[in-house]
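See the structures that follow.
Two complexes, one shared chain (subunit A), two partners (subunit B, subunit C).
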Partner chain A sequence: MADASIARPAAPARTSDGLGQLLARHGALVGLVLLVLFNLAFTPNFVSWQTLNVNLTQVAAIVIVAVGMTLVIATGGIDLSVGSLMAISGALAPLILLGQILPMPHPLLAVALAFVLPVLVAGAFGWFNGFLITRYRIQPIVATLVLFIAGRGIAQVVTNGNLQVFRNPEFQVIGLGRLFGIPVQVILMLILVAGAAWMLRRTLFGRQILAVGGNEQAARLAGIPVASVKRRVYLISGLCAGLAGLVVIAINSASDANLIGLGMELDAIAAVAVGGTLLAGGRASITGTLLGALIIQLVRYTLLANGVPDSAALVAKAGLIVLAVWLQQGRKST
Partner chain B sequence: MTTSLTSRTPLLVLVGRYGVIAALLLLILFGWARYDNFLGSYNILSFLRYTSMFALVALGMAFVIMSGGIDLSVGAVAAMSSVVAALASPYGLIPGLLAGAAAGLVAGILNGILITRLNIVPFIATLATMLAAGGTGLLLAGNQSVSVSYDTAFVELGQGDLLGFPVPAWIAAIAYVLGSIILNLTAFGRSVLAVGGSEDASRMMGLPADRVKFLVYAGSGLLAGLAGVILAAQFGAGQPIEGVGWELFAIAAVVVGGTLLTGGKGSVESTLAGALLLGLIFNILNFENGLGWISLSAYWQSVIRGLFLLLVVILQAKLVGRDATG
Partner chain C sequence: MFQRQTPTPTPPLLVMRGIDKSFGGSPALRGAEFTLGRGEVHALIGQNGAGKSTLIKVLTGYHRRDAGLVEFDGQPFEVHSPHAAQAAGISTIYQEINLVGLRSVAENICLGREPRRFGLLDWRAMHAEARRLLGRFSIDVDVRRPLGSLPTATQQMVAIARAIGFKAKLVIMDEPTSSLDDREVEVLFDVIRQIRADGVSVVFVSHKLDELYAVCDRVTIMRDGTTVRSGPMSEIGKLELVATMLGRELTAVARQGATAFGAKAAHAAGEVLAVDQLAAGPRVRDVSLAVGAGEIVGMAGLLGAGRTETVRVVFGADPAAGGSMRYGGQPFRPTEPADAIARGIGFCTEDRKIEGIVPELSVRENLTLALLPHLTKAGIVDEAEQRRIVERFIQRLGVKCQSPEQPIRELSGGNQQKVLLARWLCMNPKLLILDEPTRGIDVGAKAEIQALIGELAKDGLAVLMVSSEVEEIIEGSDRAYVLRDGQTVAELTGQDLNETELLAAMAHGAHDSREYGHG
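What follows is the complex of A and B.
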């Protein structure tokens, strides 16, 4: 596991490795393996490319958002605005594609702008979150609540709440395309996961993120530019959300500002929590987040494939989150 | 803390303490001057009838936030309770009311147990309850809205009037009076603020911090349950998918009301003003569109609410900053 942490005074000794410790550290992996074994035994037609593809395609958007969320949470923050930022980027892209903002001289230029501009706009809003948090020292949950409320409203106002239907194969590569038989968004997701995991472990910025989350005061005294680190982290979260918004509308060939990314903040936070990232900050695991998202997705798939209604899957997800965080809690106190 | 502030910058302090009430009065004045019938009894009564649900949820949230926590489950709990109340409505007014309130209370108790016994942070514990309550509501309702029985008096809880005022407004008013008494005049109220101010310190002083937290979440669940009962009675159906985003509306109302999210400080009256203020923005938008000068879609209300929240939190941050540095 690409597990990165800054040594904290409260960190458990690495030598004591009881069963609880093992479960806590690799709980996500153990859980995923158990789920797969269960499915192999009980779910008909589980071993197929189709199953794999369906699950990976559905989970990609959550993972992309959750990567940004992991970095935010690693600094001790939270980002409630991701779902609304997805709506903004998802509402903007078709407007650009269909030339409703500016007339597009060339269709490929339109596609290029439809990829780049919405993500940048979402990133700018993310940066604004970081600005509020660092400049005015507003708690992350309140600061991002502003855009959670206003962001979807902006997307709805821009599109007047209308469903935008479009067909553009070049643009929809990001949701429907395949490379070597693998869905493009799954490749994007894996690149993001690998890049973020590498950054967290190997780069100065990654160490700074963990230091800020571990002990902000100490980080500041050690000369880390805390405000700048936080702003960049929220910027990244915004960019990830923007990208996920594009993936979702490309899959659907339609953009509905009322629905894109609805509840995504909760899915992403759940994936991060199940993946073993400490919600207090200072410790983060990107691969854990990937596993967490896969577990949540697979639980839902398993229940649906075995005839359990979607509403019961919600209850199961709740139990899963509590269990994961409770295990984490045990590890912190030992 | 408040006394030291008073001596320094009277204007900012006044804005901080009475800002939301002043803003509410200004908005009412604006509406009265600009629109016909704005202060007509029809508008006032239907406004109160609708906003009462949100006010109830915001009251519970205010206590939770004053104790230093957060409750994300209130929206889903209200939705689930509306389903339970609708299912119980054929047995009469009282059974419907009790069943809905009890459903909310159970969810609140679950939150309390997760937070005080399993030591799970409130954010995650109530997030899990939110999912569980949402799922339970859908299961009970069979994925559709459940119609309320019109054979009994149950719908009076949402649609009826008492002494010329809507029943939901009475319920909310009683809840707020009780809330104000509890916060200002009882030992429990002071304990809530003490726990929110510093949990460690209040533990050392021998306050039963866990019991206080438990009760606060149970109360929030109960109030969300009542809101669900009103929801079902008012719209004639238990609605398992209503309530999405209520929790954030309630948090916004509490924050706009000047309660610090860090806990330890807050006011019941300002929370009511915050909830009314956020509701009034929607009401005014409707009237403005009615004038025909401009046409702002309903979608603008969330943008305006967001901007308003932004304004308030920046103002608050400046006040707190002055307090810390001055």
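What follows is the complex of A and C.
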């Protein structure tokens, strides 16, 4: 691929490659392997298609949101509004499907619009987050708090607070369908992860994201359009949240604006942190985020499968985040 | 206290002797001395890194000294926090006023010693006290207003009133005039003279020479962590002051060969950049200069003269408030660095860590940060081409790194600077702005960088170089402008570009004989 004559071996690892270094560098992978080994030994019926599918199906929505969140965090920002944007998108889709917004001349057109419009609306709200942050220099945590609060309210107003139940096999492919035996949302998730990882590594936009997060002043002085880069990552985060909203309602055949994506922002941030992305920005790993989400999911599954209540699982999740952040700190100071 | 009654020589208020302080092995103070009389306004001056702020921080308890003796008001003085220093009678007023903007004037003045009645705040006493203190400086302001709603100058008066309220014997002012206009400066000086008359001593840190002479009685000059000169202000001329601060002998002849720039250009070709009566922010008031192709133009001046601020405007990093610029013969007013870069300008900043490198990224990515859009097809980076360019510049500039993939933060200062130079050189610029290109770089790398700059100019590059090093300006540049208090005060060329002329311009501004400017 690259010109072989000038390709050099990668930089040798830094001086002390102790256990701490190893953990900091590949902590997420090591953690996942340990979890799988533990389950192989102790959890009954762990090795089965069903276990795999259940876990992947449940984790897909988190990963989709966390991909967008990784890009936002890579610029040194944060997006608290993703859960609420999921609710907006999840509230809009049934309205479109049921023809309550516009009369639909053809059912397939309704399905197509139900896929596209909610995601675009969520994306527009995401762009609005970026606009607030870059135009008025509002801190990301405050700017996205606006839609974190208002977004769910909007979703409830749109649906009058009603639970919307629907059945539409064409639309629900995104939550219930399978391709070669693999759930469709898992395929979507993998495509997004691969695409984002490639984008971050190989494209101009990806490199600019990391430069902005690594040193915003230096990035500006090198001619990088900092504001535009930021607006685009929040747009992408909104689009991801919109898509995840569709997946969630498709699984449930129902849409409740109070519940869709509730607490999702924290799950996504946790996945990003556990995956080794620097919360201060400048270094990001999409595959790390995937591993981080899988770890959180598997911890929860492991505890539930072994009879530990869900409340205790929450504590375990918190412990994981503390561990991840601690490892990041250790790595930074080396 | 009783000593004050004795008529003959008053013992000094503060004596600091043999103060040592180092941070992580590198010494910031080496046997520094400082003596301050009672009721005296004392200028403390020095270049960047001379140690004046460290000395102040040792005095006010931010830092613990490694060695030395401090005596305050006749007693050995040992404080370990700014709070304790304040209680002992030393108040510090910083550039950025460290008061609470949202609280009222009265609350700020009484912060930490609020009058109470029955355990509750006694607002009436507080307001009366604030009015009394401000009244002494004939400042009329509603003491119930939030401090942040008042002009900076008034906020400073409040800070001073607060210090007096604490019965301060010593008030330290760190660049108090940097954000004041001329009239406000006068008011501040009146206040300073008044508290001096009350027997309070003032340490005055500023880079504006005229102000020092206007208000200070004595001066202490620091360089490289030691005290190099101390005496009455009236006995030290401006020129001597500047020379001492920079560590130059007044009679010294410029030594040839101390830097590695190489021979000077015989003549300059066409004009690349012209700046006319530029104004921006509080620090750039009237700057004019021109740079031609193949020419290295130096920009000299003391700290705070407005050099960095000027080049930031030229690069589009800060907005201009007045004046005009021409670049390549056309009017030029960049609003973003991207504009300047698109027109072929590069800018190596003074502070590599804060404005230069992206620490987490590799040498390769840092080097091509500005070039990246040109290495991209349909949004995808051509990594093979990128690697070729990076290899070429690493070799050409002799960057020492394990591989292009090494994170830049692991490189030495000199090698980081070379990467940042390469960031612009790979863009094939027409004009390169260098702000302190060799600061904090070891001697070897410094010579290499200086030689490189010389070579680049020979190939036709226009270079505008800000430097605080006298040798670098004299030997390195073909022509030099001197800035003083935000104004171009001299343009030196040929025989005139020597140390005597340079120091004279920095100290006095325009000579009668070589008036520079517009009227």
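Simple rule for what comes next: the second predicted complex is superposed on the first by the 318 of 334 C-alpha atoms of A that agree within 3 Å, B and C clash if a C-alpha of one lies under 4 Å from a C-alpha of the other, contacts with A are read in each partner's own complex, and residues count from 1 in each chain.
In the analysis below, a contact is a pair of C-beta atoms (placed from the backbone, for glycine too) under 8 Å apart; a residue touches a chain by one contact, two chains touch by 3 or more.
Just so we're clear, the structure is a prediction, and the values are computed from it rather than from any experiment.
Enquirer: Between subunit B (first) and subunit C (second), which does A:G153 come into contact with in this model arrangement: first, second, both, or neither?
Expert: A:G153 contacts subunit B only, not subunit C.
Enquirer: Please indicate which partner A:R220 is in contact with in the superposed arrangement: first for subunit B, second for subunit C, both, or neither.
Expert: In the superposition, A:R220 contacts subunit C only.
Enquirer: Scan A:Y136 for contacts with subunit B and subunit C and give back first, second, both or neither.
Expert: It touches subunit B, and subunit C stays clear.
Enquirer: Check whether A:L278 is in contact with subunit B, with subunit C, with both or with neither, and answer first, second, both or neither.
Expert: The answer is second: A:L278 touches subunit C but not subunit B.
Enquirer: On subunit A, which partner touches more residues: subunit B or subunit C?
Expert: More residues of subunit A are touched by B.
Enquirer: Taking the superposition as given, does A:R207 touch the first partner, subunit B, the second, subunit C, both, or neither?
Expert: second
Enquirer: Between subunit B and subunit C, whom does A:P44 touch in the aligned arrangement: first, second, both, or neither?
Expert: A:P44: touches no partner chain.
Enquirer: So which bits of subunit A does subunit B touch that subunit C touches too?
Expert: In subunit A, nothing is touched by subunit B and also by subunit C.
Enquirer: Where on subunit B does subunit A make contact in their complex?
Expert: 70, 114, 118-121, 123-125, 127-132, 134-139, 143, 244, 248, 251-252, 255, 261-262, 297, 299-307, 309-310, 313-314, 317-318, 320-321
Enquirer: Spell out the part of subunit A that touches subunit B in their complex, as residue ranges.
Expert: So the residues of subunit A touching subunit B come out as 78, 80, 132, 136-139, 141-143, 145-154, 156-157, 160-161, 262-263, 266, 269-270, 273, 279-280, 309-315, 317-319, 321-322, 325-326, 329.
Enquirer: Which subunit C residues qualify as touching subunit A in the complex?
Expert: Those residues of subunit C that touch subunit A are 315, 317, 336-338, 341-342, 347, 349, 354-361, 365, 369-370, 372-373, 376, 379-381, 383-384, 387-388, 391, 402-406, 410, 423.
Enquirer: Taking the complex as given, what residues does subunit A use to touch subunit C?
Expert: For this pair, the touching residues of subunit A are 1-3, 6-12, 14, 202-205, 207-208, 210-211, 214-215, 217-225, 278, 282-283.
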